[in-house]
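Multiple structures follow.
Next come two complexes built around chain A: one with chain B, the other with chain C.
Take a look at the complex of A and B:
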């Protein structure tokens, strides 16, 4: 008698399970607890991590901008101005520096930032003179916006 | 692909290469191809025409040409910092391969992973980094609570 049906019941599973598991676990190696070792726990946490990473790309831009604004506000208050006044007067004087550059200047080049604050202060005073004065005085130096073509 | 899970590095040049003399970071190029297969046709054309000119133009790089019976033709580039890069050049034409070689020559051997910032300075601050006493020298005196006279 020859038994043939027993060998028909053996299944050949896939040969690559180890590497597929490792591909997922490599994204979980810096987690805490069993989720950095056990596949079923890691699957859920890694998927959540990817979702957070996708959402954070927009949040990072927002957070960096608020950080720059906080730093510029603090630096301008050291020189006696407030953030909205500084930015509005800089744009009126056609100084087209974005918040990232101005915050870097405030950190690494404090004297350049002081000169920017003084420029904004002068432009502010000229604006007040134009608004509150008679109109007989000539417009100030910084109010002359040069349009380069 | 989280930024913590994948490796990343800062932008840098190898030992300030280029500030003084420029040293080509490519140490060795090994071209592995087969003499008869159709996939290494472009590579064989490149070896007939362009390899000698390339080797003369880059005297600091050693070029090894090894015909073997292999299915996929490869170019293996080794750099001075030890990194090895293999490029598979099946079914590529000769000008494409020379473009690839110029790309490998101009690369430094640093890892091709995410670069955290697209800029790098050794001296970020020229006027002096801000510290709490930059705009508030001690000669002014300490900050006191403002006493309101109306009270």
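Take a look at the complex of A and C:
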């Protein structure tokens, strides 16, 4: 007798399991322990890693901004000003540089940063003169106070 | 500076300086905040938490620290030995008596960020109760920082001319007896 249904019993399941597994393990190669080798452990950890990466994209923007602010504060204190005074007076002088650019200037272009600090200092003194003085500038000084009179 | 090699430029940028602060007649909190800023490296525009950019700080004359208000009697430092009934509370005056360096050390410890770098930064803080510094530390010092508080002069430090020139509210009569 002949077994005619034998060929129906052979199952050819997915031929590319190896490559599917490697595609996932390549994201786990830098992990510690068995989770960089064993698929079942790696699946869970890689999914967690991707979740962390997604959430961190928002945190990165916040952390970078605080870092820029710290650096600008340090550099402005070197020149005798504080961070809030510097930024407020720069915006009042319509300098629209963002914190990233100003912190890069503070690191790589110290003289440009010094000029920005001096500009902010001058605008600060002008603000004090407007608030406390009698509306007149010292003779020979042309500023917004004189312009608006 | 632009003629340096890149490695020399980096070495010069990230070099550690040694600051010295005189704590005579200063409030320990202000001293501690100045110390913590420089130990973390937050006074540098190249600051990053991971780049180990903190400097060394030497605090001298901590024996002559000056709390404002009644803090010598009212400020309490608590600790627990770990054993039952081992909760200890000492006032600032008692702690200063036992160890004149402890107040500044605890103040700086509390102002540093609560991470694993804190112990390393505390190792870079050098506190001395009086003026005596060892030779190797004295050789390393680069900058002295200004004191945060202006010390008021005692009456005995004013000259007689300054005392006479000071304005008077009222002149007492000849036979007025002052204590």
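As a working rule, the second predicted complex is superposed on the first by the 123 of 149 C-alpha atoms of A that agree within 3 Å, B and C clash if a C-alpha of one lies under 4 Å from a C-alpha of the other, contacts with A are read in each partner's own complex, and residues count from 1 in each chain.
The rule we apply is simple: a residue touches a chain if its C-beta (ideal position, glycine included) is under 8 Å from a C-beta of that chain, and two chains touch if they have at least 3 such contacts.
For clarity, every value in this text was computed on a predicted model and none was experimentally measured.
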Combined model on chain A where chain B meets chain C, clash or fit: clash
Which superposed partner A:12 touches (first chain B, second chain C, both, neither): neither
Touched partner set for A:96, first chain B, second chain C, both or neither: neither
Which of chain B and chain C A:67 touches, first, second, both or neither: second
Dominant toucher of chain A (residue count), chain B or chain C: B
Which of chain B and chain C A:40 touches, first, second, both or neither: neither
Chain B versus chain C as contact partner of A:26, first or second or both or neither: first
Partner chain in contact with A:79 - chain B first, chain C second, else both or neither: first
First (chain B), second (chain C), both or neither touched by A:106: both
Which of chain B and chain C A:49 touches, first, second, both or neither: first
Set intersection of chain A contacts, chain C complex versus chain B complex: 75, 78, 106-107
Touching residues on chain A, where the partner in the complex is chain B: 26-30, 49-50, 52-53, 75, 78-79, 106-112, 114
Touch list for chain B against partner chain A, complex: 1-5, 124-130, 134-136
Chain C to chain A touching residues, read off their complex: 42-48
Residues of chain A defined as touching chain C within the complex: 67, 70-75, 77-78, 103, 106-107
